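Got some structures for you, see below.
In what follows, chain A forms one complex with chain B and a second complex with chain C.
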Partner chain A sequence: MKSKYAPFLMVLPLLALYLLFVFYPVANAVLSSFFSWNGIASSPQVFVGLRNYIDLAKDPRYFRAFANSGRFIIGSLLFLMPLSFALGGIIVSGVRGSRVMKAAYFLPVVLSLTAISLMWRSILYPNGGPLNALLEGMNLDRLAQNWLGDVRFAIWAVVFVNMWTYAGLNMLIFAAGLVSIPQEIWDSVAIDGAGKVARFWYITLPSLKESFKAFLVLAVSGSLKVFDIVFIMTGGGPNGSSDTPATLLYFQAFRFNRFGIGNAIGTLILLFGLAWALLVNRAVRKLEA
Partner chain B sequence: MKATSFRNLGVGLTVFAVFWLFVTLYPLSFTIVSSFKDNTEIFSSPMSLPSVLRIENYTRALLQATILRNIANSLFLSVISVALLLFLVSICSYVLAREKAKWAVVVYLVFLSGFLLPVHSALIPLTKLVSALGGYNNYAMLIILFVSYNAPLSVFLVTGYMKTVSKELDEAAFLDGCGYFQTVIYVILPVSAPIFATAGIVAFLFIYNDLIFSILFLSKKTLYTVSIGLSAFVGERIVEYGPIFASIVLSSLPMVAIYLLFQEKVQKGITEGAIKG
Partner chain C sequence: MTRISRVLAFITVVLLSALPLAASGSTDQAEEPITIRILTRWSDQSGASTAFRNRLQSFMEQNPDIIIEDLSINDESSFGEKLKVLIASGDVPEIVQNYGGAGNRIYFESDVYVDLRPYLDDDPEWAAGFVPLFGEWEFDDLPGTWGVPYELFAISLFYNRTIFEEAGLEPPETIEELMEQGEVLKSAGYIPISTGVADNFRGGHLFTNLLIKKHGPEFVERLNRGTASFEDQEVIEILTLMKTMQDEGMLGENITAVNYAADNALFGSGETAMHFDGSWFLSDGALSRIDAGVVPFPYFESAPQNRNIIMGGSAAGLALGASEDPDKLDAAIKLLKYLTSIEHFEYIRDFTGGGVYPVKLPPTDNVSSLTVEYADTFSAAEAFVGDIGNGVPLPQMVEVTRNAIQGMFAGAISPEQAASQMAREHSQADFN
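Right after this comes the complex of A and B.
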């Protein structure tokens, strides 16, 4: 018995929850970013046009938060990409121990970011933390730093921990691309006598277009969304130097009741992510054409 | 494993493989080792093994701190949320996988668009909504949020899988007089068990590790989850570090156990979700 309404009724519960609790809040945030509101339910939202965005542009704190997203992106492109590419190569190579290595490299992905942040906080602890102890033990005292308490280093320390956490995930993205290259291709280029560099350049890289696309979209949207690690490791400090858009949104909205500004930050996080995803998709399509 | 240009790792990559293995595992081993030390040992010889195993760090963490309660809370939330999520996804994804009508395609795309919606963008309106619904310090509210925010990935995984399930199964069920709903529960669900396991485990992981919803919507200490319980250590004046490391170890154990048991599923589920995003 197929009832006419059954399909609708079966989709409805989950769709309703999703629309109400995910879709609607995001849409509402975009709309509310043109209003000013102090968070008190009885007081009205006042239409202010682009003022929240103008305030954002004028205040160096906000610029710094988005610049910090830029630092996460730089870290991703310069270090995380080659790192996870190499790890992907290592685990598909089938060398002895590669299965164990794959399991180990991925392990941080399943740990809570709170636990990870607490572990790294203690490793980077300035007095008696193992990193500084190691440097001092090697007579490199000059290199020992107050990693999370110094405006020069805090943001980069967090960038590193973020890469440490997600290297295993990105490794699998590249590994998926590497194993999808058919064996015949390797056999045929082996016959052609192509050198290692030529093989890498003309076969490995072009075959990994999908992997690179996934990596680039994930790295940038992930960089725009960093919250937990900064929140626990530095609280955005010292002096706001390691704030990200998401932590700034949280502090502005839920500590200082500046909800209009918060929604403007949220809207920018959304828009930058969408724009980048479209850009990467289009670029990859062009490469294929 | 297929051969690639990496068939022979070479010295450089081999050294690097071992180096990164060390970098990955060191923070974990440091945490475990420190969880058996007292303050003096943690700070004066951070790199060495504990001179005696101070098991009392664990008993103290379990007895004094609230970590056991936090773990139980997180497990409870995760189990209930995943059960509800998978039930709702099973009936929803079945329709999305089978229905050819345009509305079903649109609904599927609406779910997929969730991959591009950052949770932080939603937070302020969401707080308003939750407060209007009386959802503070309310597990029912949190469960609904966890279900909603994990819906895109689960719908994506399960719908994709159900499309590969033979339609003859449904038709046989219809002929036997099963309704749509019964067909899903008794026929399609059992054959789709592997993907439900994947989707469920991944959602479980995300929910157990959640930080943002807990800090926004929970203020009662008895309701605290693992992440908020651990984060309470930050900024507190800490007398003893050993039990804190013990708490980190204890609260991570469920996830590590699940990972070791279902490695392939965890890796596949998270990676497919990431690639889609």
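Right after this comes the complex of A and C.
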């Protein structure tokens, strides 16, 4: 006999795990953002209302950190998206060597982010590092820069490495979308005599709405919470110029003992990420309508 | 019931019956060894760290009832962050490397660490072995001794004898000589005094040395008490000098991307003529590759009264994490005494062939000439001063100071703006 509670009982274990390991920590972090705490287990948390958020609003470092997230988003939308789309197109095109290309483009995704960051830190090392040595060897000395130690370049250098790292993963998102377009559609547009531009504009792009949606949500939420590459390559420096909200959260909590502020930053990252996901969903629904 | 089900049921019953037996049986066995954890920065491959780990091993061999879990991590930032996570979760290791000072006071006040005064009083022989360097762990208005010194340091100026002899120079005694020699050394193709600030403490140490040599410990004390500001002319003057040194190429190229390891490598490879550093550098491999000498950090001709004011003191100490388990506390005290005994530091000295230590060691010929030279650099010290910001009652002051200096070297902010950045944070301290 089927019980009406059976479905609920079946999802209960997973729901319990979700509540325990996702909902509870998130809710606790949000709640803690209204408290001040010095990071000592035996010290009480003191309720301060919105003070942590007001402190954030007054401090230019937080605006700079969110502006840096904006740079990651710009990099993702202007460069990473077309690049990943193009790579996805290449690997599903069946051109000679596409299997090798698929593996090569995907390789950075399987490498450790620490290894990638250290590798690029060496490549970008200004005093005799490979990139500057190459530029100097090509008589392009003027282009050789202190890539990670100059406030003008540090954040963009990290944005570039981030794109290099994730191009392969996003390539797969677009490749999956491309291969899911039914062959019948291509056959019918061929009969209709549609050109390459028309095929791209009227078939390929609309069919990849879900891929673009997935990319946009992942890219923006990833840009808001990017931490490891920045932490290893620049440590947020020089003087915080390449800090992102996630590195600031870390520094505020673990270096400056301001756990309330850290939680407030974490809450803002969560809210911005959620708002963006909702916005993208809504935009895609509008397009479908 | 199938045969398999019956077998499984039987096994389950047997296992369940065995559990209480196993539990009761454990009381008859020998007592479990006590495990204590230690968190320090001595996890690298330097001689001093290797010797330290050897001693932990020896302690365990001599005390089979105590197991030491070594959580040490060399990188300064990673060490600090690991410790803060453990403090935040109320899980402080039994022995912790600790720098003391106002930045750590909050932990002492909150009883994160154990007051060692009763233990020092109970064991006069142990207490008498130390050089009086407890200042970082004792406060006028907070009773107790919250740590014991482990490392004695003074920032001195190491130099490459060969480079100086080739250039016909003597190591500089004053900042003015240093600046003049810089031109000669640069034209000979050397970096005068490599100072990479990718690890921001290097900029902080240069700042501290220059500030105390110019304005003395009184000004630092005023900063610590909040009666002087980081925007005062004294600070801006020093920051401007540092910026000038960078602009003139005294400190090397692209210094914001050069870290401490690279600095050491530049000295070891003979690319930089000078390198300022502390006692921990004595056991560094860089020194084995060149003919190195060491002199006191230069003073200003205009402030000879500060000639013997030295950046230094107790670089690091050891503190006991509060533990509710009296057996663990006893084991930790035993290990602490072992690691700060005369015998311990004699072993470290013999193993590394030198070094200076915070205990009264009997003299020996078994030390390098460089160690003797190094000890001379602060033998006439009138006062030791720690990192600027360390005496300010604000845990982040040292880090903010170092970051601002790094930003100045990166060209992001001027010396005045760097001073303002420090002053903004300084104004948040509670000086009462």
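The criterion applied here is as follows: the second predicted complex is superposed on the first by the 267 of 289 C-alpha atoms of A that agree within 3 Å, B and C clash if a C-alpha of one lies under 4 Å from a C-alpha of the other, contacts with A are read in each partner's own complex, and residues count from 1 in each chain.
In the analysis below, a contact is a pair of C-beta atoms (placed from the backbone, for glycine too) under 8 Å apart; a residue touches a chain by one contact, two chains touch by 3 or more.
Fair warning: this is a prediction, and the values are worked out from it, not measured in the lab.
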Report for A:Phe254: first if it touches chain B alone, second if chain C alone, otherwise both or neither. both
With both complexes superposed on chain A, which partner does A:Pro7 reach: first (chain B), second (chain C), both or neither? first
With the two complexes superposed on chain A, say which partner A:Val280 touches: chain B (first), chain C (second), both, or neither. neither
Taking the superposition on A as described, I'd like to know which of chain B and chain C A:Ile74 touches: first, second, both or neither. neither
Would you sort A:Leu135 into first (chain B), second (chain C), both or neither based on which partner it touches? neither
I'd like to know which partner A:Leu205 touches here: chain B for first, chain C for second, both or neither. neither
Scan A:Ile90 for contacts with chain B and chain C and give back first, second, both or neither. first
For A:Asp228, decide between first (touching chain B), second (touching chain C), both and neither. first
Tell me the contact category for A:Val48 with respect to chain B and chain C: first, second, both or neither. neither
Superposition-derived comparison: chain B or chain C, residues of chain A touched: B
Where chain B and chain C land on the same part of chain A: residues 41, 127, 235, 250, 253-254, 259
In the complex, chain A residues that touch chain B: 1-3, 6-7, 10-11, 13-15, 17-26, 28-30, 32, 41, 83, 86-87, 89-90, 92-95, 98, 101, 103-116, 118-123, 127-130, 133-134, 137, 164, 167-169, 172-173, 176, 178-179, 181, 183, 186, 196, 199-200, 203-204, 214, 217-218, 221, 224-225, 227-228, 231-232, 235, 245-246, 249-250, 253-254, 259, 262-263, 266-267, 269-270, 273-274, 277
In the complex, chain B touches chain A at residues 1-9, 13-14, 16-17, 20-21, 23-28, 30-31, 34, 42-44, 46-47, 88-89, 91-92, 94-96, 99, 104, 107, 110-111, 113-114, 116-129, 131-132, 144-145, 147-149, 151-152, 155, 174, 177-181, 184, 205, 208-209, 211-212, 216, 226-227, 230-231, 233-235, 241, 244-245, 248, 251-252, 255-256, 258-260, 263, 266-267, 270-271, 274-275, 277
If you look only at chain A, which of its residues touch chain C in the complex? 38-43, 125-127, 146-151, 235, 237-241, 250, 253-257, 259
Chain C contacts chain A in the complex at 77, 80-81, 84-85, 87-91, 106-107, 110-112, 198, 200, 252-258, 395-396, 399, 403-404, 406-413, 421
